[in-house]
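In order of appearance the chains are A, B and C, and numbering begins at 1 in each one.
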Amino acid sequence: MLVSSILIALLGEKKRLSWAVSLIGAAASFMVSSILFSTYFNKDIIEKYTWFSVSGLSFSLSFLGNNLTLFMAMLVSFISVLVLLFSRFYMRKEKQSRFYAEMSFFIFSMLGLVIANSLLLLFIFWEFVGIASYLLIGFWYDREEPAVSSKKALIITRIGDLSFLTAVIVLFSSFKTFSISDIIGSLATAPHSVLVLSGALLTIAAFSKAAQFPFYTWLIDAMEGPTPVSALLHSATMVAAGVYLLIRLLPIVSIAGMSEFIVLLAFITAFISAVLALKERHLKKILAYSTIESLAFMFMAIGTLNAGGALFYLFTHAIFKSMLFFITGIFAIFFGTYDIYLLKDKRIRMSWVTVPAIIGFASIAAIPPFMSFFAHSALTYNFNIYENIAFVIVSFITALFSFRALFVVFGKRARKPLKKEFNTVFPVVTLVVLSTIGGVFLYFFGSIITMVQSFDYFSFISLAAVFLGVVISYFVFYKGKAESYTTKARDFAEKFENYRYEKLIITAGKAVSALGYGLAEFDSTLVKSVSTAAESTFFLSSKLREIENGDAFRYLTAIIIGVVAVVILAVVFV
Amino acid sequence: MINLILLLIVPLIGISYILFEQLSGRGLSPDKISFITMGITAAVLLSGLMYGFIPFNLNINSAVDFSLSLNINFITIPFLLLVVVLPIPILYFASNEIKENKPMFYLFYLLVYSSAVGVFISSNLIFFFLFWEVAVLSLFFMMSLWGKTIKSRKAGMKFLVFTQFGSLTLLAVFILLFVYTGSFNFYTIASKMSSVPLYIEYVSFFLLLITVMIKMPVFPLHEWLPDAYYYSPTPVTMFLSGILSKFGGFAFILFGFGLFRNILINLRIPLVLLGVLAAIYIALVASGQRDLKMLFSYSSMFYMALVFIGVSSGMTVAVSGAVLLMISHGFVITLLFGISYILLQRTGTNETGKLGGLTSRMPLLSIFFMLAVFASLGIPGLSNFPGELLIFIGTYSVAGISLIAIFGIMISTNYYLRALKEAMFGHLQNKLSGIKDLNRTEVLVFLFISFFILLIGVFPSLLTGVLGGL
Amino acid sequence: MEYLNPQYILFSGILLVILLDFLRHSLGKSGKGFIHYLTAIILVTSFVFNAFYGTMNIHMFSETEYSQFITSFMLFISLFVYLFILADREEHSSVLDISYLSAVLGATLVVISSNFISLFLSIELLSISSYALVYMHKSSGALEGAVKYLSTGIVSMVILIFGISIIYAGAGTLSFSSLHNVSYLPFIAGISIIVAGLGFKSTLVPFHMWAPDTYEASKSSITAFISSVSKAAGLIAMIRIFFFALPVSSSFVTALFLSIAILTIFLSAFLASVQDRIKRLLAYSSISQAGFAFISLAVLTSKGAQAAIFYVFAFAIADAIVFLAYDMFESKKIIYRKDSGKMYSVSKIGAVSFFIAMLSLAGFPPTIGFFGKLLIFYALFSSGYAYIVLLLFFSLLVSTFYYFSVLADMNPLVALREIKTKHKVKMDQRLKEIILVVLTLSLFVGIIFA
């Protein structure tokens, strides 16, 4: 498609104007995808190319343009435009060309990912976004932490990538095609085991990309990257790719019987991340935990086969979460810290960011009238009673941690207003407006993907729980009365200690490398043993050599012995 | 139409020119001669690809069916591309590394070059064997004479004796085939395979397997490799990993898949299992290496194990994947060894623990390093991906266990990223602050290799298109 | 025309040389040189006549299919070895000429003997002249070497005679053509004892023990003759007996031959790998070559015989080159393996020839050594002895090791640095180098005889 080719061309540009170029590229792709969206509304178009073919199997790459994919393309490019605007502000002191090149590469791959119809192509772009994420997290290559966390991110997502690859291989082997639409169309012909296997593998892939339990740790560390990167990759788009994958391949997942499993894991993830967010001091990491939690919500919806709810929540989440990241980025640039208690002392209440921040954190907690309230109601549509109860509990904790952050950060009144700049104000305000009035979109969404939403009484129960949470956190954190509650909460959270789980992983990793070292030892012994064997032969030979010491009599003896031996042999044979 | 003999004549002219220069003692320097020679050969190959090749035949002794017959068989062209192109960038490292007795070195260099070409195009098995041995011997001399330490001498001897066993078993296969078909010509043998009794086919196949496993090498018979790769001068290591290890794969495909296909198919499950075992084992061993050159040596074995899995499956798709992966691996591993060589030259060490944060001093190098690592990880768009994909797709349908090898890729992700991180990212160590980045020639050389990595990655159809008649 | 064969010419040549030696004093100083040139001319003519008219064909000596080829390569090697001795410019007595010619005559007669008596006499002729040749080297070890050679030789001859007599007892005749109805027991016993006797000449284990000492003690050019032509004669004699005389197709013979051959090959390979002195290493390598030629006899098919003959030809030439080249190095005090780096500085061409000949001995293509091994393996495979071949591979690995450790020690890098100081190359060295080049070329051209 046009979009991708524009962005590829853009990758070459690495000059002073790289920002402008990538911005124009992103804007252009937004325009193009909007035009395409409106042109091809309610039509399926497939563009197909054959990459290469071997002995009758053709490896084809195809793009699909329908309402869903083009909507996603629009969303991605829209957020990208805003993020690029913001980066102009955030990255002013850095080497820009590399950053924008990598960003553009990411946007290109992400757009490719959403409109791909061939599994192979989807996998290719899936890998591309993984690589882009690796490069962008490790953008500050001369610091130790980004280097470590980028490596970690790539290794963990690579588990998913490879299981995705395996799933692609498995599916291709039984369907002989890569086209998602063809595969979905002929699911009935495939043996059940293939579907179960590939469904499980796809779930792993989605979970690792979307940082769900047990893969969630990389996303927290990924916050070492620049904030625009976190806004674009690690909240709005890339991590949502996991969700998007399962939305596209929902029939396989449901036939494979993975749905209950997904819901279960998603609940565990949501609970853990909400609790951990409660104890975190690092503002960006709080947002990261909240991202993980939101993604878990989407997976819950997928697990209950409610693709529409998941997609709508994805859309909602992309908007308010990137806005929150922008705000964090502004803090970081002006105050140089992400720690919420340190930020409290900087006295920033009543600056222009306060209102957007309140709206953002309220969106996390899904308080009406913001868009995320409607999204929640769409999300929970298919839930049964147990799921609803669990959801209520999680919502409560969510409200608790989001308002904790809010109250702590904006705890003290500001002395002087923050500087305003078009590059910061415009993206934030746009997103604020969207997330405020976004509930309206709910009524257009039906044409993109089948979606039902209703306000049942559980919506209101959870709303009540949310308000309870808000109130509690108001008393606990804003009034600052009860330090003991905080410590208690922290103690509680310690039990779900991120790093304890980390330790397990690290131990496992160490075990593997210890095994590696052990085997390396073994292998070098093996390598040496060959030489040793050869040398011992020579030792034997040098002993043998002493038979011949130059004594002529001995030679004669040898001859006689030889004759006798020969004759004995002859006698034996006779 | 280009006669195939030209591909051999041009390097031979180069060799004799070097000899002549050495006797007369003036004129062009030998590395330039080699460069020109290889350039002309590449041009010949290119025009041959455009206008087609003519087979060549010259009978020398009909009693033992000894004739110089050159022909293009079903997998030749990709390999030909590899061996004709790859030594050109290696030449740069050779000219950097080799200071002593250049004429002699380039003599051996061109010998390896021409014999590698010869192996891939000769259809007479005696000549095949001849070229095969000349390549091994020349590499042995390059290794043991230009290696810096006494260890390289020992490693060279080990390499020679070990691979010589593989060569002898290959010779035994040829003779067995000759006994039953009365010919050393590949095509004659292929048409008379029905006259070979089944047990002889089995015996030959096992002998071939030994050859292949030594040459590629695959796990239980790889003991020569770490020493040989580590202690030889870098250009020689590049030759070993980029070209010589492909001989094994080539022989496996040509004879194992081409002649003994039925046996291959009968034995595919244990063979794939062996390959998987080897892959996992090697990946684990590689993750225990602290030295870049050693790490790359082991990782090279890992890809060869994947190739082994691919060919063992006996599926056309997987075999094409194996060819693709071998070609691509040739380029990638050369790039990796080039990087480790430059790091060694600039910093004096190859241990990842002693490096760190070099990206701020060597941004260009780090770009190539990342490219090579990504290519090794099988990132789409770079050359390893199509090969791996085809191998796994091909083998999955007959031996699902092959997918376990994907776990090996996971382990290799781990060690590659660790190496990348430890060497290039993080804090810069103080004593490394004076390091210079790549100079212009080095960038050109690396770009040349990377061009092929990208080319194969983006347009694998270039190679799959010429894999006719698989 | 039937008198124009090499054997007659050699014989009359010997008489002529003896006669001229008597008259030497009247011929003056130049006479000695003339005798030497005459010897060379005799060898040349016999080679030429052999090529045109074939070998002698009378009562106890008869031509066979291969005798012309064998004789010609023996004469070819002898000629060049003699030319090499001649190029040495070192004064040698005319007794050497006489002994040399007699040895050559003996060797050529062995090829065409068709009777045990004539075979025995030819071998004796060859042996006795060889003792003299070994003794004639002006070194302290020469006497010792000659005596060892002599004493083991005498014992072996006795054993050979004993074997022949057993055969005679069984068959009532000694002519090869009428041995077909020999009875089983004497046949078995006779054969085994004959093998033991001939094993001396062709240095098979355990009758080989004189070889390293004697090779080392004699002058290298003479060693070249003993290890190529003389040893070839011993092997050819066996081929004569077992393929053209005795009706052999018994498992006993195969087992005997195989065990001796494998013993020879392995023992010599292992012993060679631990030698420090180059000449001893070469001696053991030459023993191992004999083992290879012998093993292809074991299959008792005509393919085996052809392979053996070709292999004898192949290794004889290569051995001759190796020892001749080593003669040049030895005179520059290159004795030990660690000195072999200096070879290039002595003679570049000599070193290259040495190098190629070693490759041939190690059996690497494209030299004839490779084709020799190819034919042997072919013979073994086509008789179904695949496992023997696999066993042989291991010995080949060991031999690869020692050949190439010498070759790698030769290290052209060091040598070429030293060679920068150009020293004047003497005329005789040039001559020697030309001889070596001719022989080396024959390593490649020889392929056409395969």
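Here is the rule we use: a residue touches a chain if its C-beta (ideal position, glycine included) is under 8 Å from a C-beta of that chain, and two chains touch if they have at least 3 such contacts.
Computed from a predicted model, the values in this text were never measured in an experiment.
Taken pairwise by the contact criterion, the protein chains are fully connected, each one touching every other. Of all chains shown, the one whose average CA position lies nearest the global CA mean is B. Averaging Cα atoms per chain gives one point for each, and the point farthest from that of subunit C is the centre of A. Annotation: 42 Å between the Cα-based centres of subunit B and subunit C. Subunit A and subunit B have centres, each the mean of its CA atoms, that are 37 Å apart.
With centres defined as mean CA coordinates, subunit C is found 78 Å away from subunit A. The set of subunit C residues touching two or more other chains comprises 401.
Residues of subunit A found to touch two or more other chains are 534.
For subunit B, the set of residues that touch two or more other chains comprises 161. The touching residues of subunit B, counted against subunit A in their complex, run 154, 158, 161-162, 223-224, 226-227, 281, 284-289, 316-317, 320-321, 357, 359-360, 366, 370, 374, 377, 379-381, 386, 389-390, 392-393, 396-397, 403, 406-407, 409-411, 413-415, 417-418, 420-421, 424-428, 459-461, 464-465, 467, 470. Contact residues on subunit B toward subunit C in their complex (touch as defined above): 60-61, 63-64, 66, 100-101, 104, 126, 129-130, 133-134, 137, 140-141, 144-146, 153, 156-157, 160-161, 164-165, 168-169, 171-172, 175-176, 178-179, 203.
By the touch rule above, subunit C contacts subunit A in their complex via residues 147-148, 151-152, 155-156, 159, 184-185, 188-189, 191-193, 195-196, 199-200, 205-207, 209-210, 212-213, 251-252, 255-256, 259-260, 267, 270-271, 273-275, 398, 401. Chain contact summary for the complex, subunit A toward subunit B: residues 51-55, 57, 59, 120, 123-124, 127-128, 131, 135, 138, 141-144, 146-148, 150-151, 154-155, 158-159, 162, 165-166, 169-170, 172-173, 509, 512-513, 515-524, 526-527, 529-531, 534. On the subunit C side of its complex with subunit B, the touching residues are 359, 364-366, 370-371, 374-375, 377-378, 381-382, 386, 389-390, 393, 396-397, 400-401, 404-405, 407-408, 411-413, 416-417, 447-448, 450.
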